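Next, two complexes with subunit A in common: one pairs it with subunit B, the other with subunit C.
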Partner chain A sequence: MSELARLLLPIADDELILGWRNSEWTGIAPFLEEDVAFSSIAQNEIGHARALYELAAQELGTTADELAFDRAPGEYRCAQLVELRLVSDWARTIARHWLYESADAVRLEELKADTDGRVAGLAAKIDREEVYHRLHADMWASRLRDEPRFASALEELWPYALGLLPEALRPRLAERVRLPTDVKAQGERGAHTDELEPLWEEMTMVRRSVPGASW
Partner chain B sequence: MVTAEDVWSALAQVPDPEIPVVSVVDLGVVRDVRVEDDRVHIEFTPTFLGCPALERMRDEMAATVEKLGAQAEVDVVLDDSWSTDRITARGREKLREAGFAPPSPRAAAPPSLLQLQRGTFHCPYCGSADTRLENLFGPTPCRSLRYCTGCRQPFEQFKTI
Partner chain C sequence: MVYEVFRQERKGQSFQHAGAITAPDAVFAEAYAREQYGRRGESAALWVVPRKAVREIDEFVDELGRNYHRVDGYPLKAKLKEARERAGTADRETPKKGARGGNLVSPVLEGEAEGGA
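Let's turn to the complex of A and B:
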């Protein structure tokens, strides 16, 4: 696998799987505004995944759809944070959302400075959309800051959030969200929770039942 | 023989699939048109990456060029060269007439929540600046929801990116 694909696939997988998880709120969010917000954020993340897969696919001689849907669950490179099924628990959902968007901001800063112009250009484009995700996540984090359920969700998910970033970038995330640095990351990339496989089953069902279908 | 001008004027008739009052040229998504003999190269810079209209735009641009009797090659440019500042003055006016508040100009720094809550955003219906942010997100990736206290109507505000 090329170096570029190795760089992009974990990020694309994060965005695809989190996009899927965020879309699970469509129709059942606590109120209408959040139904719209989570659906729109999900749509953006899946759009980012597609663009990242397309760039990786050019290198690998394949297509974005094949990368997104034709790999076995064990081949995905997403971090464990995005795999967790948190629907029905708003405090944990917002904790993940805020931690993810904060980590993504750190990651995008790095990618925008990448020496490969294709990576830097795409990261800059993605970042323009992510500005709105961060505004939304930051607004919720400050609204829930003093809620005990939110505090314990942050404590539970913080080790998973560290697993999103390579070790060198973790201190920057910790500084950004003001959470402790002396915590061990939960789940290095490539190791999956039990929650990925049921998601994968559902996500790839149509494609597996009618291979090569297009619409 | 097709000229670049012919292609630009034909593309000016290709509507945005979701907001058909504006064309792809009004939206500023056509970055460049080059003609070499009977081949036309179009550089297309998508708006929002998750926008489902992107494929339609690309296919309709290609079909439009083919109707002119040329072969089309649409290159999708995935960098940050598109921003809402690329929407033309004509495009902005058409958006407003259709009830969509056009995006405010991009500033050096990304917008803050406070700016979006308190900034001056005019209602596309009555022109009042007495409007408030209802939701950062809206029915499509490109829009937020605002409410006008002047004429008591919700409206869709183009996000600035």
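Let's turn to the complex of A and C:
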């Protein structure tokens, strides 16, 4: 696998799986306005995944759809944080959202400085939408900051959030979210929770129902 | 809280009412307003206003019957017709737009105004 694909696939998988998880809130968010906003964020993440897959697919001589849907669950490179099914727990959902967007900000900063112009350009484009996601995540985090359920969700998910980034970038995330640095990351990439497989079953069921079809 | 959102489609244009959103505070209102009315490049700017801050006036008393203040209070067409009849020029054709002087001064109307006053 090319170096570019190795760089992009984990990020694309994170965005796809998190977008999928967040879309589980469509129709059941705590109030309508939030339903619209959160669903839209979920859709953006899947859009980012598509763009990243497309760039990786050019390198690998395949298509974005094949990368997104035709791999076995074990081949996905997403971090464990995005796999967790968190409906109907809004506190944990917002904790993950805020941790993910914070980590994504650190990651995008790196990608925007990439020497490959295609990567840097795409990262800049994605980051323009992420500004809105961060605004949304930050406002929720500050609203829930004093809620004990939110605090314990952050504590629970923080080790998973560290697993989103390569070791070298983790201190920057810790500094950004002001959470302890002396915590071991939960689940390095490549190892999956039990929650990925049921998600994958559902995500790919229609595509697998008519293998090789052109939709 | 309900917030009213106004959007400006292009810089320099006037703001038009876009709709209302429900949000717990001004920060959320901004985020939701961006989401609903600003994120697809459809607006150059937004005004997000708490509905409570909007002063609605829906009674317009006209006690003195000063209907000449209203555009519909001065039925020019009817008055012109009356004036024409008084002047006995009811059949005369009004000069067409674009005819000499037609856009600026209408000799016919001037004549009628004299006759009718």
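Following the convention adopted for this analysis, the second predicted complex is superposed on the first by the 213 of 215 C-alpha atoms of A that agree within 3 Å, B and C clash if a C-alpha of one lies under 4 Å from a C-alpha of the other, contacts with A are read in each partner's own complex, and residues count from 1 in each chain.
Going forward, a residue touches a chain if its C-beta (ideal position, glycine included) is under 8 Å from a C-beta of that chain, and two chains touch if they have at least 3 such contacts.
Small disclaimer: the values here were computed from a predicted structure and weren't measured.
Enquirer: Based on the shared subunit A superposition, would you classify subunit B and subunit C as clashing or fitting together?
Expert: clash
Enquirer: Which partner does A:73 reach: the first (subunit B), the second (subunit C), both, or neither?
Expert: neither
Enquirer: Does subunit B (first) or subunit C (second) touch A:46, or do both, or does neither?
Expert: First partner only, subunit B.
Enquirer: For A:31 in the superposed arrangement: first (subunit B), second (subunit C), both or neither?
Expert: So A:31 only meets subunit C here.
Enquirer: With the two complexes superposed on chain A, say which partner A:132 touches: subunit B (first), subunit C (second), both, or neither.
Expert: Touch partners of A:132: subunit B and subunit C.
Enquirer: Looking only at contacts as defined up top, I'd like to know whether subunit B or subunit C touches more of subunit A.
Expert: If we count touched residues of subunit A for both partners, the winner is B.
Enquirer: By the touch definition at the top of the document, which applies to A:143: first (subunit B), second (subunit C), both, or neither?
Expert: Touch status of A:143: second partner only.
Enquirer: Following superposition on chain A, which residues of subunit A contact subunit B and also contact subunit C?
Expert: 33, 36-37, 40, 132, 135-136, 139
Enquirer: Can you tell me which positions in subunit A touch subunit B when the two form their complex?
Expert: For subunit A paired with subunit B, touching residues are 33, 36-37, 39-41, 43-48, 50-51, 54-55, 117-118, 121-122, 124-129, 131-132, 135-136, 138-139.
Enquirer: Looking at the complex, which residues from subunit C come into contact with subunit A?
Expert: Where subunit C meets subunit A, its residues are 21-24, 27-28, 30-32, 34-36, 39.
Enquirer: Which of the residues in subunit B come into contact with subunit A in the complex?
Expert: That would be residues 48-51, 78-83, 110-113, 116, 134-141, 145, 159, 161 of subunit B.
Enquirer: Where on subunit A is subunit C touching in the complex?
Expert: Spelled out, the residues of subunit A in touch with subunit C are 31-34, 36-37, 40, 132, 135-136, 139, 143.
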